[in-house]
Amino acid sequence: MDIGKIWNYISKPEVVPRLFAAFLCLILAIEFFVPTTYYKDQLYPKDIPQSQIFKSSLAPYDRGGVPLIKPADIKTQYPQFEPIRGKITAYLTPLSQWLSEKTPYFGTTIVSTPGGILDEILYYTRGMDTILESLTLLISFMIFSWIYLNRERVE
Amino acid sequence: MSLNIDSIAGVFYGYIPFGDIVFYFTEFSLIGFIIALFFTLVVYLTKPEKQLEFQIGDFGDKLNYVSLEELKIRRLMAIVCGICTAFAMLTGDLFDYALFLAVIGIANMGIVSAVKKEGVLSAAFYYGIIAMISTLPLFGASALILAKTGTLSILELAKNSHDLLFQKIIYAVGMVGETGIAPFYAAKAEMFRAPGAPYILMIHLSSLLIIVRTVEIMLNVH
Amino acid sequence: MDIVSYMFGKSIFVGMIVGILSLYAISRQKSDLHTLLLTDLVECAMLVIIAAVGTDLAEALILPGLVVGLAEVLAVSEILIYRNEVRKNNLMSDNKKLRLFEEFLAKEEPYVNTDVNFNKMEVIYSAPKFIGFILVLYGAFLTGFTGGAVMASGLLFYLLSQGAIGNGVSFNDIKHSWEAISGFSGIMWAFWILLGFAGFFLFPEHYLFFLVITGCALALKVGSKLGLIGSLRI
Amino acid sequence: MDIIILNNIYHVIDAISYGLYAFLVGGLLLGFHRKIIARIQGRPGPPIIQYLIHTFKYYLKEISIPITAGNPLYIFMALMGIMVWLTALYLGVVFKTSLLILIGLYVLQKIVEHGCGLSSGSPYGKLGGVRSVFSAAAEVPLFAAVGIIYILTQSLIIKDIISYQLLNGPIIFKLPFAAFAFFILLISKAPNSPFGIVKDKSIVSGYITEHFGILESLILISDAIAWFVLLWLFIAVFIGPIVILNPLLTLIGMVILTFIISIICALTPLLTPNHSVMLQILITALVIIDLLHKSATI
Amino acid sequence: MDLIILTLYLGYFLLILGTIGVITGPKVNDPLNRLLNIEVPSLGLMLIFLAYNQTLALMTYIAINSIITLVFVRTIIKNGELEA
């Protein structure tokens, strides 16, 4: 076995993804046997799945609070940095308020119009994540469209 | 906030809170931040060089140059990459950092994808595959850390010990894939053969700074 | 016992198994296209592991994970196509040097089935407008990233079916409208950061205003951008 | 008021003279390095001050910029080399801050090499630059070494590491693998080393092929300071206060280290790029296993 | 409670079986077949989202999945054309 040949082999670009996949596979296989524990006192806790059905028209995203009056009580990492904590979670647009009075089946739709717990996390408490997320999409779309539109270009 | 950070990255100067995601300044991260931004400026000002290339099986050199359209998109990608690198030095959140890495990875791909050369495109594609695979360890490890400790903030994680060795290993492997350090360097190194030095240089700078910063995070989180 | 923590170990277990299997498959795979398809499975493994945490935070982390996966697939697949085109052109130009009288050699034409008559498919004329309209409207109501994605799938469906019945946009028209729409999308991105995200911290008392701007701008940005994919000529 | 200004002036003079000192010592050591290699190979070799003479000569020469170069990157890179190493000198040797910052600065040296090579547009420079990217592997053992040091001393601030050694003796006996990894780094930075694929003679002068005149002189100055800083760092982190607190002993330590490195450089062949990278990776694997072992036992 | 656990187990089952199907299913050498097989694990993933009550993530995943499928189909067709 010639070690020099192996070294040369793994420096080809087309081999690298496969090599990396095998390496990661190995690491995960080791990790597989490491016991993982679950810390009970999580941030932004959620109710037990399916426990809110038919009890609240905002199910499964009812986190308490009254729109524009009483903010919801959510558990965040740094409450001292968030002056309007819980207000976005409690907020409902007039349209969604009307919808919530009519039907118990549209909880997800009602909550995801501006307001609701996810909008609070995504726009406010962890807004930086969403900036990067949309930036990723923007950049990949730029690459995509540049290649698509400039395909016929000759040097 | 925490004394542990002081003994790794130097004096702790302060922080900017954006809700749960806190950007913090230490001696180390400030130097990295300034260097990355300064470099972005240099890259913006520099004209791409005209590259002479050897010909195999032929005499004479071939002159490669970067056309104006190509220059515009590549410069934009390089600037995005530089700014993201600069802020990745500051961020104090594991998941946010992983997202920064993802953005940098895609921007790196973008810097070379406009070059119409088979070898370079091929390398960009393989690098892209690695970047896609390494979202599993990066995001997966941060989710595992969240489940085990109940927090993602580096400042909180640095305060007391959590026994996170294996999660940290997965996270580091994700970084290895995303920055393309050896022994998985080949795909990324082939991308450097493309003409257009200042933009290519940005790829290299970002990956080197990211490696050092990841080492800092890995030492902080314990 | 709490169900989330009860099932946590099992979900992680499944996520790891899927990850290991798909990574093993990638390490044995030699075709570029198949590797690309298999990376989609790796994304699945990642999503399961994040979902296993089971809190609202986990759900908020799933969305960026999803988007990053989509974005990378978008860019990488286009690079693959471009690479293959360049490779083919290079091969052809090499062949011209090597093979004399190539143009006189008989070449087999690839068989293309041109008998498909789209006119008979009534559904492609009547349904797309309705479904597209409903999806776009629903997406606009949802706002945020989810709304954008729903809106985009509506637009995509409409534009694709228009292309199939021959009412699609020609390549020259695409070039202009494409740049316009993607510019709009970029402006919306800036809008959401400057007026949305920054506003929350600078003027917390006007949070409602910024909330609505953020949600709508994000939905418009994602929707317009991804919807454009529908106008591609395959 | 006047006293403050006077103090400031003194500080500036101190800083400049320390930089000059580092340059002179580094330059002389590099000349010494060249001399020893020549003697081992049976040649008389150039005088020890040859490196300094070279630098001085290039400093006075006329400069011209290639038509293919991408400006201002082309000029900026030479300045950046000096910037990086002067910063490393003051932050590390004088203020004794975090080891991590110094490693970050060392990593920037790669950027300088890469930038010099690629911005000139010359095919030789480009090859040197690409090889410099390959050899970024040399830094990886360094990170593992830093991890091991942190586990032992619970701090990465150089001042703390030195005071740790004052109590517990030199680290080199406790962490032989980390010291070895760092030593490999020193070797890879030395001219004519087995890992010196960046300055391989088959690609003319590697990344500085197109940089001449004052630009080359600046790069040479920064190389000399780099040599001083790296040797100082090795002595400070692994051998400790016994040597580092006395300037004369430090100098002697540097001469001995340079001597050992020159012998290694003279007796080993140059590796091909792939092999050089992979050899360094093997060393990294060794150090990482050591790191995992150490962190698992804690 | 039982329903949730059943949904979860069904999700696990589909996910793992689907993954094996994608990797070593019949005729997966054709990329289009492989793409269709990928829908099975993604269905399993959707069931897992449903069981954890992450309905917004579920909705987004459905929308995104349709877009990703389109992108893949385009890639496969284009590649087929280029290889022909």
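Should a chain be cited, it is by its letter among A, B, C, D and E, assigned in written order, with residues numbered from 1 in that chain.
Keep in mind that, in the parts below, a residue touches a chain if its C-beta (ideal position, glycine included) is under 8 Å from a C-beta of that chain, and two chains touch if they have at least 3 such contacts.
Because the structure is predicted, anything quoted here is derived from the model rather than measured.
Engineer: By label order, what chains touch chain B and chain D together?
Structural biologist: Common contact partners of chain B and chain D, which must touch each of the two, are A.
Engineer: How many links in the shortest chain of touching chains run from chain A to chain E?
Structural biologist: So the least number of steps between the two chains is 1.
Engineer: Among all other chains, pick the one whose mean CA position is farthest from the mean CA position of chain B.
Structural biologist: So the farthest one, by centre of C-alpha atoms, is E.
Engineer: With centres defined from CA atoms, tell me which chain sits nearest the overall protein centre.
Structural biologist: Smallest offset from the overall C-alpha mean is found for B.
Engineer: I want to compare two interfaces, C-E and A-C. Which one has more contacting C-beta pairs?
Structural biologist: Between the chain pairs C-E and A-C, A-C carries more contacts.
Engineer: So which chain is the furthest away from chain A, centre to centre on CA atoms?
Structural biologist: Using the mean of the C-alpha atoms as each chain's centre, the farthest one from chain A is D.
Engineer: Approximately how many whole Å separate the CA-defined centres of chain A and chain B?
Structural biologist: For chain A versus chain B, the centre distance works out to 21 Å.
Engineer: Based only on mean CA positions, could you tell me how far chain A sits from chain D in angstrom?
Structural biologist: Here the centre of chain D sits 44 Å away from the centre of chain A.
Engineer: Hey, how far is the Cα centre of chain B from the one of chain E, in Å?
Structural biologist: Using C-alpha averages as centres, the distance is 30 Å.
Engineer: Could you grab the centroid distance between chain C and chain D? Build each centroid from C-alpha atoms only and quote it in angstrom.
Structural biologist: A distance of 47 Å separates the two centres.
Engineer: Enumerate the residues of chain D that touch no fewer than two other chains.
Structural biologist: Answer for chain D, listing residues that touch two or more other chains: 277-278.
Engineer: Among the residues of chain B, pick out those that touch two or more other chains and give their numbers.
Structural biologist: Residues 18-19, 95, 99, 102, 106, 109-110, 113, 116, 122, 129, 133, 136, 144, 146-147, 183, 185 of chain B each touch two or more of the other chains.
Engineer: Multi-chain contacts only, two chains or more: what residues does chain E have there?
Structural biologist: Only 4, 52, 56, 59 qualify.
Engineer: According to the definition of touch, which chains form touching pairs?
Structural biologist: Touching chain pairs, listed by label, are A-B, A-C, A-D, A-E, B-C, B-D, C-E.
Engineer: For the complex, give me every residue of chain B touching chain A.
Structural biologist: Result: residues 17-22, 67, 69, 73, 76-77, 80, 84, 91, 93, 95-96, 99-100, 102-103, 106-107, 109-110, 113-114, 116, 122-123, 126, 129-130, 133-134, 136-137, 144, 146-153, 156, 166, 169-170, 173, 177, 183-187, 190 of chain B touch chain A.
Engineer: If you look only at chain D, which of its residues touch chain B in the complex?
Structural biologist: Answer in residue numbers: 67-74, 76, 97-98, 100-101, 103-105, 107-108, 110-111, 114-115, 118-123, 126, 129-130, 133-134, 136-137, 139-140, 143, 146-147, 150, 154-157, 160, 277-278, 280-281, 284, 292, 295-296.
Engineer: Taking the complex as given, what residues does chain A use to touch chain B?
Structural biologist: Answer in residue numbers: 10-17, 19-21, 23-24, 27-28, 30-31, 34, 36-39, 41-43, 76-78, 81-82, 124-129, 132-133, 135-136, 139-140, 142-143, 146-147, 150, 153, 155.
Engineer: Given the complex with chain C, which residues does chain A contribute to the contact?
Structural biologist: It is residues 17-19, 21-22, 24-25, 28-29, 31-32, 36, 38, 40, 42-46, 48-49, 63, 74, 83-84, 87-88, 91, 93, 95, 109, 112-115, 117-119, 121-124, 126-127, 129-145, 147-149, 151 of chain A that touch chain C.
Engineer: Spell out the part of chain C that touches chain B in their complex, as residue ranges.
Structural biologist: 8, 12, 15, 19, 23, 26, 32, 35-36, 39, 42-43, 45-46, 49-50, 52-53, 57-58, 61, 64-65, 68-69, 71-73, 75-76, 79-80, 82-83, 86-87, 90, 200-201
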